[in-house]
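Just passing along the structure, written as C-alpha cells.
Per-chain numbering from 1; labels A, B, C, D, E and F assigned in written order.
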Amino acid sequence: MNNTIAMKRFEIVIGIEQLDQLMELLERSEVRGYTAIKNAGGYGSRGARNPDDVLMTDENVVIILACKEDQAQRVLNELRPAMKELGGMCLISDCQWVEGPAVSY
Amino acid sequence: MASVQPVVLFFIMGVLAGLIKSDLKIPEALYKSISIYLLIAIGLKGGVAMSKYDIMEVLPAAMAMIVTAAAIPLVAYPILKHWGKFNQADSGAIAAHYGSVSAVTFAVGLAFMDSIGEHYEGYMPLFLALLEIPALVTGTLLALAGAKGGEKTQWGKLMHEILTGSSIYLLVGGVVIGYYAGATKQVEPMDKLFMDLFIGSLALFLLEMGLLAASKFADVRKKGVFLIVFGILFPLGAGLFGCYIGWLFGLSPGGTMILGVLYASASYIAAPAAMRIAVPEANPGVSIGAALGVTFPFNIFVGVPIYWEMAKWVHGMA
Amino acid sequence: MASVQPVVLFFIMGVLAGLIKSDLKIPEALYKSISIYLLIAIGLKGGVAMSKYDIMEVLPAAMAMIVTAAAIPLVAYPILKHWGKFNQADSGAIAAHYGSVSAVTFAVGLAFMDSIGEHYEGYMPLFLALLEIPALVTGTLLALAGAKGGEKTQWGKLMHEILTGSSIYLLVGGVVIGYYAGATKQVEPMDKLFMDLFIGSLALFLLEMGLLAASKFADVRKKGVFLIVFGILFPLGAGLFGCYIGWLFGLSPGGTMILGVLYASASYIAAPAAMRIAVPEANPGVSIGAALGVTFPFNIFVGVPIYWEMAKWVHGMA
Amino acid sequence: MASVQPVVLFFIMGVLAGLIKSDLKIPEALYKSISIYLLIAIGLKGGVAMSKYDIMEVLPAAMAMIVTAAAIPLVAYPILKHWGKFNQADSGAIAAHYGSVSAVTFAVGLAFMDSIGEHYEGYMPLFLALLEIPALVTGTLLALAGAKGGEKTQWGKLMHEILTGSSIYLLVGGVVIGYYAGATKQVEPMDKLFMDLFIGSLALFLLEMGLLAASKFADVRKKGVFLIVFGILFPLGAGLFGCYIGWLFGLSPGGTMILGVLYASASYIAAPAAMRIAVPEANPGVSIGAALGVTFPFNIFVGVPIYWEMAKWVHGMA
Amino acid sequence: MNNTIAMKRFEIVIGIEQLDQLMELLERSEVRGYTAIKNAGGYGSRGARNPDDVLMTDENVVIILACKEDQAQRVLNELRPAMKELGGMCLISDCQWVEGPAVSY
Amino acid sequence: MNNTIAMKRFEIVIGIEQLDQLMELLERSEVRGYTAIKNAGGYGSRGARNPDDVLMTDENVVIILACKEDQAQRVLNELRPAMKELGGMCLISDCQWVEGPAVSY
C-alpha cells in the first residue's frame, strides 16, 4: 500500500508489577512510542491472572510498540534476556505504518 | 447470650448471593473505598481514645504484643506441616496469615461489645496495628528457612511492602490524626462521617466479603477437611491465648475479649500481598480460602461470643 | 398542592447537563453503589416496618399483587401492537417494562408522602419486590407466543436471571435483615447510613438518571409521538388501577397512593436485563427510551401528586 | 491563633504516603465522586444562605468580582514571563491558573471560619462560581496574543468547555436547588448528606490531594526555585488584594477573609482542562505542579490563617 | 529474527456473556496461554456495543492467543463451528514468539 | 488455513478527544465492524499519556478494524490525510478472518 512504511510490531504481555522494569528497558532502547493497555487478565505458565480480583493484584499489561527494523533488533537485544525474568510473552510481527501523524517510532 | 448482630447478616446475604450465582456485584471502587474508610475510622476512634490515656502506660503491653504475635506462626507451622501435609512454603504462608490480624473481624468484635454495652480500652486499634506485622516476618522465615530459593528473597522489597502497606498506613495515620483531634478537642465535625456511619459501611463491606468468601469455598473444599478443622480450632486456641495475655497485662474484660478476637483473627488482605512477594511459590488460594472462607465466618458468628465467654472466664467472672 | 421536592430538581440538573453537553459524568461505580444502597435501604425500612405487623395480614393483598401485576402487560400489549405498530417482540418487551416497577419512582413517591407528612403502610417495599417479576413473565410470553423463534428460548437462563437478579435480591435481603433488626430492636446503629442519608443519596442518583434520560431522548424522538403519548397515558391508567386495588384491599390513603405509583412506574433496570435474554430480537432503545425518557420524568414531576389525588378520590376524600 | 484543623492533616498523610511510596491508592471513582459531592454541597449551602438575602444587594459586588478576577493574570503574566523566563504560552497558562480559583482551598477556608466560630456572608459560593471563569479567558488571550498559532484557536470549543465545565455546573446547580430548598423550607432531609458529612468527605479528598501533590513535586523541583517563590508570594499578594476588595464592597471580616482565600487560591481542575484546549502548547506539568504542589499546601496550612489576619487588618481590627 | 519461533496469533472478539463458553472451548483445545482484555466496545452485525452503558451490559472481550501451527489448527477446528453461535470475530495472523519467558503455548 | 478469508487489519491509536472525529470518518468509509479499547495509555510525539491521571484526561483509545482489501484502500484514503491532524498512529497488517460469525466487515 502507498504511503506506508514497513515496520515491526511488538506485543508484550507482562504482570503490572514488572511494568516499571519494562519501561526502563524501553527507555534504554530509545523507543519513542508505545501504547499500554492495563487491566488485562490472562492465563500462562504461572496460572490464571484476573485483574478483577480485589484481594490479589493479578493484573497484566499489554504493551504495543511499532518501530523500524533496525530499532527492532536493538529492542529485541535488550528485551530477550530480560523476558526470562519478566515472564509473560513477547510477539513480533510485520506491519505497515501509515504516514501522516508526527513520527513517534 | 446476646442475639446475633444484624450487621453480620449482610455477610450471609453475600454468601447466598454467591451460591445462587446472583448477578450481584459490588463495584471494586466501593470495596476499596470502604476498606480505606474503615481503617481510617478505626484508627481515628483509637487515636481519640488514646488522647485520654498516658501513652507510657500502654507501652509494656504494646511490646508484649509484638513478641507474642511473632510467636503464633511458630505454633501454626508444625501443625500445618505435619498434620496438614502442606509443603514448607504453604505452611509458612498459612502460618503468617493466622499470626497476623483482620481489621474487619476486629470491627465486628467492637460492634459486639458496643451492642452489649461493655467497656473496653480505647487504644485497642494500636494493638491492631502492632499485631499485623510481626507474624508476617516469622511466617516468611519459616517458609524460607534452609530453602535454597531463600537466598534470592527480596527482603528489601518485602520490608517496604510490609511497613508501607496501605492498611497499616491508614490505621496509624488515623490514630495520629485522631490523637491530635482528641487532644485539641476538634473531633466534632469529622465524627459524622467516621463514627456515625461506621456500622452501616461495615454492613456493605460484609456483603462484599460474603461474595468473596463464597468464591473461595471451592478452593477450601479441594483441600479437604483438615483446612476446615484447622480454620476453626486454631483461632479458638489463639483466642484463648490472646485472652490470657490480655488478663496478664491488666486489660478490662472487654479489652481482654477484643485482644482475644485479634489473636484469633486471620489476615486476608495484608498477608496475601506480603506472601506473594516473600514466598511466591506458596499457593495463595489455600491461605486466603482458609482465612476468608472458614475462619472469618466462624469468628464473626461463633467466635466473637465465645471469646467474650473466654474473657469473662480468665477474669474469673464466669 | 404541595410544592415540588428539591430532590427531584437534581433530575432536571442532570437532564440539562446532558442537553448542553456538559462534561459532567457520574462515575459508573458511584451509580452502581448508590443503586445497591437504595435497594438495601428501601428493603431495610420495609423490613423494620413489617416487624410490627402480623405477616398473615398482608398475605391476601400480596397474592393479589402477583396476579394483577401479571395482567398489566395484557392490556399494554394490544395497544402497542395495534396503535403503536410495534412488532410482536417489541410490543411484548415494552409491555413487560410497563408491567414491572421502578424502585426509584417508588422512592420518590415515599419521599413525597414523607414531605407532606402522610402515613402509609410500612410493608410497601414487599409489594415493590412482588411486583417486579410477574409482568416480565407475561411480557415474555406475549413476545414469543406462536413465534417460531420461541422454541429455543432459554427459559432456564431467563428464570435464573429474573429470580436471582440483584435488584430483587438486595430488596428482599434488606427486608429480611430489617425484619430481624426490627424484631430484636437493633436497628439503631445502622439507620445512620441507611435511613438518614436516603434522600441525599437519591439526589445524586437522580442527577445521573437525568443524564441517562437525556441520552435516551434521541431514541424516543426517532419513534415519534405515539411513544410519548403512551408513556404518559398508560401510567395514568395503571396508576388509577393501582389505587383501586389498594382501596379494595383496605390500604390507607397513603398506601393506596404508593401502590398507584408502583403500578404506574415502568422498569428500566430489571426489565431490560431480562428482555435481552428473553426477547433478544426486541430493540432495547425503544423500551428504555420510553420508560426512562418519558414515563420516569412524567411520574416524578406530574404523576406522583396526581396519584395522591387519585388515592384520595377512591377513598372518597376528594 | 487557632490550632491547625485536623482535616488538613489528611493532606499531609497523603503527601507522606506518596513520599514513602506506600501502595495506598484512592480509587479514581471515589476521588471523582467526592469532588462532585463537594461542589454540590458548597453550592447547596450557598443557595440556602442566599435564599435569605436580597439578590439585588449582591449584584454590585458580583460584577466587581468578574472584572477584578479577569485582571489577576495581567499581573501574573509579566512576572512569569520576565522573571520566571517562561515562554508566552506557559506564562499565560500559569497566569490563568492563578487567576482562577480552587474550590477545595475555599472549603478549607470555610472550615477554618466555622472552627473559630466566625461569621461570613452565606453567598460566598456564588463568588466562587463567578471567579472561576474570567481569568481563564484573560490568561488565554495573553498566551495567544500576537502568536501566529492564535488564528486557529478553537474559541468555540474553549468557551463551551469553560461554560459547561462540570465544576461550575455542579456549583451553580447546587446554588439554584439550595435556593429553592431554602425558600420553600425543604432543606431538611437533604442536609444529612450534603452538610453533616462535608468535613469528613473533605478529609478523604485531602488525602488523595496529598497523594497527587506528592506526585507533582518532581515537576516543580525540575523548574527550580522561582516556581516555589512565585507559588508562595503571588497568593499572598492576591489574597491581600482580595481582602481589600472585600472590605471595599462592605463584606464582614469573615466574608473578607473568604474572598482573600478565593483570590489567593489557584485552580488545578478547571484551568488545566481549559488550557489544554486553549493553549495546547503549554506544559501542564508546570502549572499543575505549582498550583497543587506549592500553592495549595501553602494556602491550607499557612495562607488561611494569614488571610484571616489580613482581613482583620483591612477592617482595622488588628 | 534470531531466537524467535514462528507462531500463529489468534485475536477473538466476543460479548462478555459468551466468555465462559469460549473459555471452556479453549480449555478443550488444551490452550496453555491467552490474554484477555475486558471492557472493550465495538460495532458489528448486532450494532454498537458500549461497555460504559450502565443500563445494558454491552461489553466485549478481546482474547489474544499465541500458539504453534499444529495447535492452531486444533484450536481453529474447535473454534470455527462455535464462532457462528458466539458471534463477534476471530482473526489469525503470523507472528514470532520471542524465546525467553517460560513456555506457555 | 481453510475457511478463512485474507483481510487487512487496522490498528489505530488516538486520543479519546479525537474519537468522535474518527468514528465519523469510519462511518463515511462505510466500515461495518470495529472494536474499541478505551483507557489505554502510551507514549509518543506528544509525550506520555496516562489514563489514570485524575487531573488531566490523557486517555488513548485503541481501534481494531478488519476489512477486505478493497475496503481497506477506501479506509486508508480517508484516514491518511486525517491522521495528520488526529495524531497517534495507524498500523496495517495482513490477517485471516475465520468464517463463521455473521459478516461484519
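The rule we apply is simple: a contact is a pair of C-beta atoms (placed from the backbone, for glycine too) under 8 Å apart; a residue touches a chain by one contact, two chains touch by 3 or more.
From a predicted model like this one, the values you see are computed outputs, not experimental measurements.
With steps allowed only between chains in touch, the distance from chain A over to chain C comes to 2. Contacts with chain E and chain F are shared by A.
Relative to chain A, the most remote chain by averaged C-alpha coordinates is C.
Judged by contacting C-beta pairs, the busier of the interfaces C-D and A-B is C-D.
Centroid distances from chain D, each centroid being the mean of CA atoms, peak for E. Here the CA centre of chain C is 40 Å from the CA centre of chain E. Each chain gets a centre from the mean of its Cα atoms; for chain B and chain F, those two points are 48 Å apart.
We define each chain's centre as the mean of its Cα atoms; on that basis chain A and chain E are separated by 18 Å.
For chain F, residues that reach two or more other chains under the stated contact definition are 37, 39, 52, 93-94. Within chain D, contacts with two or more other chains are made by residues 27-30, 32, 197, 273.
The list of touching chain pairs reads A-B, A-E, A-F, B-C, B-D, C-D, C-E, D-F, E-F.
Those residues of chain D whose C-beta lies close enough to touch chain C in the complex are 27-30, 32-33, 36-37, 40, 160-161, 164-166, 169-170, 173, 176-177, 180-181, 184, 186-187, 189-190, 192-194, 197, 273.
Those residues of chain E that touch chain F in the shared complex are 11, 13, 37, 39-46, 51-52, 60, 62, 72-73, 76, 79-84, 86-94. Residues 52, 54-57 of chain A touch chain B in their complex.
In the complex of the two chains, the chain D residues touching chain B come out as 3, 5-7, 9-10, 13, 16-17, 20-30, 111, 114-115, 196-201, 203-204. Partner chain E is touched in their complex by these residues of chain F: 1, 3-4, 7, 9, 31-39, 64, 66, 93-105.
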